[in-house]
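These are the structures, in structure tokens.
In the two complexes that follow, chain A is the common piece, with chain B as its partner first and chain C second.
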Partner chain A sequence: MAVKTDSFTAPTKRRLATFWQPYTRVAMLSWLTGALVAAILEQLVGRPLAFMLGLGKVPVLFGLVIILKAPLLIPGVIVYVLLIYILPIGLIARLTTKLGNKLAAELLRYPMLVSTVVHLVLLYATLQIWGNINDYRNLVLRLTLISVLITLSLNVINGYMGEFSCSHPGFLALGAYGASAVTVSLFVNDNLFGPAVFTGNWGWIIFPFSLILGGIIAAIGSLVVAIPSFRTRGDYLAIISLAFTFIIKSFIENLEFVGGPRGLSSQPDWANLPTVFIWVVVGVWVINNFVRSTMGKALNAVRDDEIAADAMTVNTRRTKMVAFMFSAFWAGVGGGLFAHVLRYVNPSTFGIQKLAEVLAMVYFGGLNSVYGSIVGAVGFNLLSEALRPLEIFKWIIIPVLLILIMIFRPTGLVAFKEFDVHQIIAPKE
Partner chain B sequence: MTLLHVQNMTHYFGGLRAVYNYNLSIEPGEIRGLIGPNGAGKSTIFNLLTGVHTPTEGEATLNGVSLIGKSPHEIAAMGIGRTFQNLRLWRHMSVLEHINMASYAHITYGLVGAFFGTALRQKQEAEIEEKSYHLLQLVGADKFADQNVTNLPYGILRRIEMARALATNPKILFLDEPTAGMNPEELKEMMAIIRHVHSELGVAIFLIEHRMKFVMELCDRVQTLVFGEVIAEGTPDEIQNNPLVIEAYLGKDLDT
Partner chain C sequence: MRKSHLLLLIALLLIATVAITACGSSGPQTIKIGINAPLTGDIPKVGEGTKFAAEMWLDDINKAGGLEVGGKKYQVELVIEDNESKADSATKANTKLITQDEVLAIVGPQSSKQAVPAGEVANNYKTPMVSPWSTNPNTTLNRPWVFRAAFLDPFQGVVDAKFISDEFGFTKAAVLYDVASDYPKGLADVFKKSWEDLHGAGSVVAFESFTTKDTDFSAQLTKIINSGAEVLFTPQYYNEVALIVQQAHELGWTGPIIGSDSWGSAETVKLCGSDCYGSFFSTHYAAAGATGATKEFIDRYNAKYGYVPDDVGALTWDSLNLLKQAIQDCGSITGDLGKDRQCVRDALANIKNFPGITGDMTFDEQGDPTKCAVIVKISDAGEFEFYKSACP
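== the complex of A and B ==
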């Protein structure tokens, strides 16, 4: 059976490989430039082009939302995506292959940070311009970036350390409420905390502080799950962590000073795109640093054989505690950002549905992998927006997809792949 | 001064007496053998001395410091490196990462280094890697450094486990049936490697073996364990000719 399909698809595969071959030599610098040009192009001619194609307005997420809402517009969307994104990016990638590689090599003659920052600036500029089209796109973009951070932080426990933890919604809630309590009480005239304490423009310093505080609260809360994990693994720990999520939820529901079940709203509008981008980049950078160090690889050793890890001088308790607190910290920061993007949270935001979402992103994208977390978070958020017209059926389709992935690719799409920044920004020829 | 000293160690698994009144004294640089039929309690002795189990009774010291009640990673850092009878490798990690991991206790860059990739971390990780390569060369497995352990032959995996144990900088190396499942060719190689490691690093070795010939050629002294009790102790020659040992191994070919 497998042989048959292989021989059937072999020529197609070969043709695809030949077609793709020149693109494998394109440096990241060229790809990002292409993406930036596409974003600018859309800014300039997106609206008239969409109008000409009969789409009415610019397709917000590559037309994914339209597919179910107005299937008749699909051909127009395909033409739009080709003309605005695929052709310009492909063209620029091809045209600047030589130049891009040369520049990338030139940049690497300085400390790696220089080239990294250049790439990040290009990426940020692309996202900023792309997200300028309308508020909805900007919102989805910010939530997706935050999802990357949250997914990666969960991956630390469930992927890198191999525990099936269900405590992430609890960590998110602690971070969201921790950060919101600070910002709302100090800066907003609201019914819960009374008039604002500060009126000046202190957001640039107070917001990072409140996010970190939320992260620390989540990290401390994570000890409730980390300590049992010294002796318990597998199913029992999964149940303990699930209980943790429910406990946090009902704890906040009964906490009147943060609004109880009604939730907490009117967070200051501080989580704009640059702020979210910087936090997510820093978070991914720190997490990636950690999991690639020998100290971070101890998580893998504990996962694959704890007795061997212990016998090889690895302090397994410390490793577990660090993993949980570290993961919870970034989840808390993610939760704080999330609360300030939506500017409203209530306890039921952090229930079983949130758990299904974060687990889906981790297991869909891939265990033990930064790439996997990016793919999982971006893929899931796009899919989730695309399926939005189906309303409640969305929550039938997503679990079914998850089950299929678990059957055919149990570790996810891009699992166990090292995220090597140098390799990404290096010239490709 | 005695390196490893064990006095009257006894261990019960529930009602099962796995080890009874066990005594041991190993000098620095010595090669000591432990033989005995299956289920005699040999691996249990290793597990008791490395902190996997805590003995019901008895005392054990390394360089005069008690091992009882310490956790395995503390004992490993004190200077007992070990391998396992049934390989215990980390299936998602490369060979080099295995050896690096055993330097965990020597890392001083801390969480700050791990999170932010400080210069100290770069330096230490480079040093660790260099040491790992050296140890892999020592056991003749350096050409597999970048491979994943799931695809390698059994004989190589045994060597990797040994290199990993050596990376903890042990004063004494515990080898639990280092030749189990090996063919005669691999067995010869393993014997040469153990000799080589011993002469290069001067580390004491305590090894459990099934094959008499192996023990007889390598060890300075040998203990024979039957049903958790030492029935004979002495030089390989004495052991080989001890009637009690011959009886315990009755029906078995001493040369296999």
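== the complex of A and C ==
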């Protein structure tokens, strides 16, 4: 990552490179297997090991949360992470390099879907087992996954289309309220909507529909921003979209039937890890296909030069409208999931603070990149959990980090990188 | 070469860990209490008040050599988590406190925006939680594990209506409130209802609203003055209170103006000046004219942190002492967290007439306290003076 190399760091770098060299040939299949084994290992021996190392209990989030509170535990945490995560994953990756590559090649003989599903199942199993250790970890995992979806959906507008849109909290609110209104009115004995219409286990079929409905409401709402965007760009669009966020917020504050400023609570507990995982995977897959399609390239063309794009037969109006509605749809789905994880929403959640958070994740991770959104959302969430004990200093460190990233990597950590599923799951030798 | 380096590193770390754990081996059993407070975000002053009150409380416990439960002294540890004044962060913090830090009970979060979702978490994990400041009914509704130390909005509306009728004998009232804000709106509705219960339908002669951040109220106030109202009730925050009271006097309003606990900020008098002198409001406690334990708390807080604590600090103090009382009532700490939490919850629910610094408290079946409100008069010196205690 370092840009310049001086005489002092060169040998270290070379040594690192030779150390890392065999790992470049490890297929994703082997990495995931390693991660799964590490998760199982933690399940089996995590507690006694943590106890032996004096940590008391299994460190959640790789010990990031406790090291700031009790710096004395740092060596213990490092040993734990080495023994449970790094060594097993590294060892298995090395040992199964050949086998993994062979299997990956074998899998690719079938339609790509088969191989993709195998990888996703491995990933899911890893996350599920890892998240089982502790409910706090599970919650952070779910909220992080939802952040990935929300960040990626904002990246469509701010990264791929190059507009500075501040309307995402509004879309989230529409989706959250849309989905909650359906589930709460149909399934919960609530003092706003009256007794439940359905009883029994209809949730698995209604919940997806309510999320999609939330997404559609957000998509329709996004037209309020999309249509003015035909004529305004840059700062002006930013102001219009910011106004949209405020309009939605005060609109909901005045809607008595969803609780007004008091908020809407007691959503059914349906957003568990598998549900969130499936939705986020579907979202990432659809958005990735969208941005790599002709439409996605049209977005890039509009970003680079709108007049030239128009001259080259790109229908810029349609492109903008589709992009806004598409992005808003997924933001709405993310908002719906968010509401069902927290099981409470109120209008003031979707204000400036939320906006700053999603924008930070997008620009931290990287514009115009699916990788970037994943890195941004995961990084930001982990960082924000890890630095929580610092209280007010957290809000000095995170902005300073953002400023540093803006100086050294103005487009974000992993910007302008294509997310090619085939390349990820293919054998590496 | 490479491998030996790695092994060496691991060996060194292992030795270091063992050495450290050997030194810091745990002594006597401790009781952990979680504090979920908005230390950063929109309302950092609230978080600060919470933290200061909690630290003062812990000091007392430590000075006494620990918390005595059933003849045995336990060390108390506070785990303070920042919820950034965000709903999702508050749920994360609560989940962490319960599952990771394994606290016995939680005090906080303060504002309803965080307390409602966090209460859900506490209730699901069967962990007692006391929210000192939240006034949204949903925080404790149908949640046997969640309690609060503040009285609810409806209660204040009833008390204010009763106080005005008893004190002045008026029959016609006017209300001016912010329609876009949760707290004033709820309170205004309740006040209207209880006033009309006392004096018949139509006795609230003017029920005027505005939206947050409005600064000109002359249209609404003119209507109110022309309606023949004898008293104006306005449950607003300090910045609006100053504007409303000043503009009302400019337009020729002469009757009393009554408010709610949102007036209870030092800023009210600073912004409003002599216009507010002689007004009344209902609140949790009054700093000036306080006596006994309340005065002692205020003086100590003031001496330590340099300012008079507001209601958040006082309510946090009461919440912590409620917990202390509950833990002591429990009789013994078994070390089995599930059992202890159940015991503390039951003890909390059974507390009768707890002498708090914000009034005597008894929890009803929803976990809301029945307690008396304090009516405060803003004196001619601009101080909040205890006027009388108003019970429902």
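In this text, the second predicted complex is superposed on the first by the 422 of 429 C-alpha atoms of A that agree within 3 Å, B and C clash if a C-alpha of one lies under 4 Å from a C-alpha of the other, contacts with A are read in each partner's own complex, and residues count from 1 in each chain.
Definition applied: contacts are C-beta pairs under 8 Å (C-beta built on N, C-alpha and C of every residue); 3 or more make two chains touch, one makes a residue touch a chain.
Here the structure is a predicted model, which means the values were calculated and not measured.
J.: Regarding the shared-chain residue A:Ser348, is it in contact with chain B (first), chain C (second), both, or neither?
T.: second
J.: Which partner does A:Asn134 reach: the first (chain B), the second (chain C), both, or neither?
T.: In the superposed model, A:Asn134 contacts chain C only, not chain B.
J.: Would you check which partner chain A:Ala309 touches, where first means chain B only, second means chain C only, and both and neither mean what they say?
T.: First partner only, chain B.
J.: Tell me the contact category for A:Lys297 with respect to chain B and chain C: first, second, both or neither.
T.: After superposing on A, A:Lys297 lies in contact with chain B but is clear of chain C.
J.: One more residue to check, A:Leu53. First (chain B), second (chain C), both or neither?
T.: Second partner only.
J.: Which partner does A:Trp202 contact after superposing on A: first (chain B), second (chain C), both, neither?
T.: After superposing on A, A:Trp202 lies clear of both chain B and chain C.
J.: Which partner reaches more residues of chain A, chain B or chain C?
T.: C
J.: Examine A:Phe246 and indicate which partner it touches, taking first as chain B and second as chain C; both and neither are also allowed.
T.: neither
J.: List the residues of chain A that touch chain B in one complex and chain C in the other.
T.: In the superposed arrangement, which is not itself an observed complex, chain A uses no residue for both chain B and chain C.
J.: In the complex, go through chain A and note every residue touching chain C.
T.: 19, 53-54, 57, 60, 65, 72-73, 75-76, 78-79, 82-83, 134-136, 139-140, 143, 250, 253-254, 260-263, 265-266, 338, 341-346, 348-349, 353, 385, 388-389, 391-392, 394-395
J.: Using the touch definition from the top, list the residues of chain C that touch chain A in their complex.
T.: Spelled out, the residues of chain C in touch with chain A are 2, 10, 13-14, 16-18, 20-21, 24, 39-42, 44, 81-82, 85-88, 91-93, 95-96, 98-100, 112-113, 116-117, 120, 125, 136, 138, 179-182, 185-186, 211.
J.: Given the complex with chain B, which residues does chain A contribute to the contact?
T.: 286, 289-290, 293-298, 300-301, 303-305, 307-316, 322, 368, 416
J.: Within their complex, state which residues of chain B touch chain A.
T.: Going by the criterion above, the answer is residues 50-52, 71-73, 76-77, 82, 84, 88-93, 97, 100-105, 107, 109, 111, 113-117, 121, 125, 128, 164-165, 167-168.
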